[in-house]
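The structure under discussion is supplied below as structure tokens; questions concerning it will follow.
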Amino acid sequence: MFQKRTDLALEARELWQESAEKNTRLNGVKATKSRLEGYPLTCVDVLDARGEQALGKPQGSYRTLDLSAFWQRKNGFFDRAVRALGMQLRELLPEEKGPALIVGLGNRAMTPDAIGPLAADNILVTRHLISAMPKHFSGFRPVSVFRTGVLGTTGVESAEAVRGLAAEVHPSVIIAVDALASRRTGRVCATVQLSDTGIAPGSGVGNHRAALNAETLGVPVLAIGVPTVVDAATLAADLLEESGSTPPDMEALQKSQQNLMVTPGDIDQKVRDLAKVIGYGINWALQDLEIEEISALLS
Amino acid sequence: MFQKRTDLALEARELWQESAEKNTRLNGVKATKSRLEGYPLTCVDVLDARGEQALGKPQGSYRTLDLSAFWQRKNGFFDRAVRALGMQLRELLPEEKGPALIVGLGNRAMTPDAIGPLAADNILVTRHLISAMPKHFSGFRPVSVFRTGVLGTTGVESAEAVRGLAAEVHPSVIIAVDALASRRTGRVCATVQLSDTGIAPGSGVGNHRAALNAETLGVPVLAIGVPTVVDAATLAADLLEESGSTPPDMEALQKSQQNLMVTPGDIDQKVRDLAKVIGYGINWALQDLEIEEISALLS
Amino acid sequence: MFQKRTDLALEARELWQESAEKNTRLNGVKATKSRLEGYPLTCVDVLDARGEQALGKPQGSYRTLDLSAFWQRKNGFFDRAVRALGMQLRELLPEEKGPALIVGLGNRAMTPDAIGPLAADNILVTRHLISAMPKHFSGFRPVSVFRTGVLGTTGVESAEAVRGLAAEVHPSVIIAVDALASRRTGRVCATVQLSDTGIAPGSGVGNHRAALNAETLGVPVLAIGVPTVVDAATLAADLLEESGSTPPDMEALQKSQQNLMVTPGDIDQKVRDLAKVIGYGINWALQDLEIEEISALLS
Amino acid sequence: MFQKRTDLALEARELWQESAEKNTRLNGVKATKSRLEGYPLTCVDVLDARGEQALGKPQGSYRTLDLSAFWQRKNGFFDRAVRALGMQLRELLPEEKGPALIVGLGNRAMTPDAIGPLAADNILVTRHLISAMPKHFSGFRPVSVFRTGVLGTTGVESAEAVRGLAAEVHPSVIIAVDALASRRTGRVCATVQLSDTGIAPGSGVGNHRAALNAETLGVPVLAIGVPTVVDAATLAADLLEESGSTPPDMEALQKSQQNLMVTPGDIDQKVRDLAKVIGYGINWALQDLEIEEISALLS
């Protein structure tokens, strides 16, 4: 059956609402809206098995920060985005302030899939410094970084490789950054989703086959994702529905648009900018540093 | 008014046919279909002002090679594509075998716009060698290459910069390679258009503001283009029309999909491969060399 | 005959002093030392034909800023370097505040030769903006940028290509940025030379065959160069001389070290940082902007 | 004490011979010379503790292929180099034909250190294909690839990361590719050393702190290294000794040349070509394929 593709819990909830009878209640899911540093924030909490079933997402907390206004570049847009993301991340982080392993998933050579490795380039890497000069770097939390690369060029699933590295590095938390697919063009490069559920199989632009979560990796896994593409068939289906028409053969549509993605014309710049927000947000949440200090340490 | 966007003469003709009454004749345009080296070829000749008016393309010859079968990678697919492209190019080249200037238009850092600079990397550059060692390189035609870069990083229109260089290099022909927009997803990274009319203002993925043609540059300009994106609004409009629905506000649709493009998931690989076909095809047409010889000289 | 290779007027003067009898006077050359923003500055003015003959450099002003202290990254190191470079540049610029063309010479793909294209990436490009929106950008001086690329991949000498572009862009000054060879390892990535004489044939890491100067381009040409390599034979010769030994066959030494260069292990970082100093210094000298404003406009 | 730096067993033996009395015998080391596919081959076998002591290299077999003639690009130069390297590799591989893990050490962004990651790009990655379609790929040996990245950007020692991955992938052999330092400029980018001893701490251009060998990784480790730089102080010391002079302060010399390296001007092209020889040689040794088949599968 044709399945509209989305990696956002927010959109999974929308899809449920569209398909459900108006008088049905969505049980097992709690959603709230607020604003943080001037950016709209939607929290979708999947509370139990009923919620999991309805949305097709594992139990946990999903926070979607709407960064559409980021691109207007108004006063403090960058710093506010970093803090908003960092605050959400702090709420999801486990209490123990142990070592963190940041995982950049995806393909650096393919722009819509490059957000993970590019965010990794904006991380303050401290583990080796703390290990070599413990006194000098006592104020820092040990952070290491792993760029998984792509299955076709490594032969190793991201989940396997991360598990192997985690066995050496012993992180108390893993933060995985990945590109996502959205169903709405308006959300592409304009939202960031944070969750404490890790990364599900088949999600992301690169379509990971194995999950990265507490179960497979033995340590809490936070996921930070940015939708960078819309599946062309999902876009087409939405447009046709909006116009009130019922296309005769939805699967034919999917087939005709197969392997196509919809993406912004200026995606290179947008992905680079959002990768910086994510990297800085992670540094802000993990280390006790001001944004200017992060900037100075990274240059 | 909403304008479906295409840079292909083939599609301009389709659009005319869709809009026109069935019993109207398209005057001033001649179209023929054939096969070359196993690949389908469509020639659209715009013969006079009536044809220019109907298709919105300047008078001249437009040849579209359908390389869909290229991606099945069957026996000799690469060499056949190079020869097919090279033969068409030879038909369009002026008789005088003087120096050639190859112009790679577009932005190397943005994959769907990178076909021009990537093709330029596959050109046998000979002008300086012939100039330094005329006896050794007497068998070669002088070829120089110019990568225009992007207006935002140069401050200079491609047409201006090419005109300035042409005044120094004195080519007898300019061959400009550029990325195009198509209206059909099936043609993206699956067709190559060659024409003897140069490049029109507003065309290409990067939207050039000034024309590159014999009038502006003072020397015949051949254009080689590959559609690498579909304008998302054009795709949406086509899908809606196919489904029989008439959307109430076409311009709203265009606005909602603004600055979005539809592109293949594996575009990096495809653009690299097609840039190689184009570069080799140009070398094959300009120099008296076998494909293996081109390959050896480029490595 | 073996020729110690240097592109720095400062070193040409040193070489003259080493070779000359102690009581000889260097006529036609004036040298002064001072400090600017905390960095040592040496000015060597070649005043007439006697000076040209002695140093092998054309008549003009050569200013060498010693940025060794830059790498200690002490308070304000970056801003001070930008201002010091910018002030020297202002002294060399012609009075007429017309359009400027910045030329980045060299090969982006080869780190020691990449300073020109990398500096070009740090230039505020304004010409197209002023042309499109003259009222909005009335406060800016029109600046365009040209990255020459490498002879082997273009077939066109840098001087030819710049001349062609200048005929379209009509700059009142050209500023050319290039990598240089030094004779002293201590000066590599630690000095910047500015001059009003343009670029001589055979100089630079990429060895340009034709001069870029007022004579060949018809407009004043300032040159900004950074030594990024030491010729290995020159280094060897200096070491041997210092140790008091006279090697039996200097030319054999040169041959054995042919095509080798000495360069810092962390050259990638250093070249990127110095390219930023140069780009910012040019922006500071040409536009009426603070360094923070330049930074905001470039991001 | 000043230590001439070399990663080549061949040169460690030369250094011993230079320092030793002429009538001393080098016990515990066996050296032989031969030719393979037209390229000179030197085997240095360190047989026991006396050999280890004399050469400062662990017990094992070191084979140095002299590829100087490669750059003359004479008949069959590439295929012959691939086979010569592949044959030596086959002699060093353990008998069990189990899975192989290829490790590309070094920094892709710094050319002299990029040989590892570039060689990794030329490996036929088969593990995931065999795992997904075991019947189709039954003829292949499972191969996976790991690019370690650089300590400063990962926080994890290469040896740690490889050990973690090996625990997941269970290879029967690890082949590590790395850039080396030589003492002779003539050997830079002109030799390949293969050994069955893994990689020693402090060796390579990037200076690994922990060993990658059977002891640390629990599985046989072959090392393939190419010298891409000469330590400038080592070069200087050799030149001074050759000229018969004894510099008064060798450590001062080392300090003055600190962090400088001598490298070929065309190193980008050379490193890319040698990385291809290594990648192809590994494929040739591991899989039962002709060179043309490797080429077709990699494109």
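Assorted remarks:
Per-chain numbering from 1; labels A, B, C and D assigned in written order.
Everything below uses one rule, namely that contacts are C-beta pairs under 8 Å (C-beta built on N, C-alpha and C of every residue); 3 or more make two chains touch, one makes a residue touch a chain.
Predicted model, so just to flag it, every value in this text is computed and none were measured.
Over half of the residue numbers at the interface between copies subunit A and subunit B are found on both sides, making the touching surfaces mostly the same. Centroid to centroid, with C-alpha atoms defining each point, subunit A and subunit B lie 37 Å apart. Separating the CA-averaged centres of subunit B and subunit D is a span of 45 Å. One inter-chain figure worth recording: subunit A and subunit D are separated by 39 Å, centre to centre, where each centre is the mean of the chain's CA atoms.
The set of subunit A residues that touch two or more partner chains is empty. Taken as a contact graph, the chains are arranged in a single closed ring, with each chain touching exactly two others. Only residues 109-111, 185-186, 188, 232, 235-236, 239-240, 243-245, 247, 253, 256-257, 259-268 of subunit D touch subunit C when the two sit together in their complex. Of all residues in subunit B, only 120-121, 125-129, 142-147, 149, 151-157, 160-161, 163-169 touch subunit C in the complex they form.
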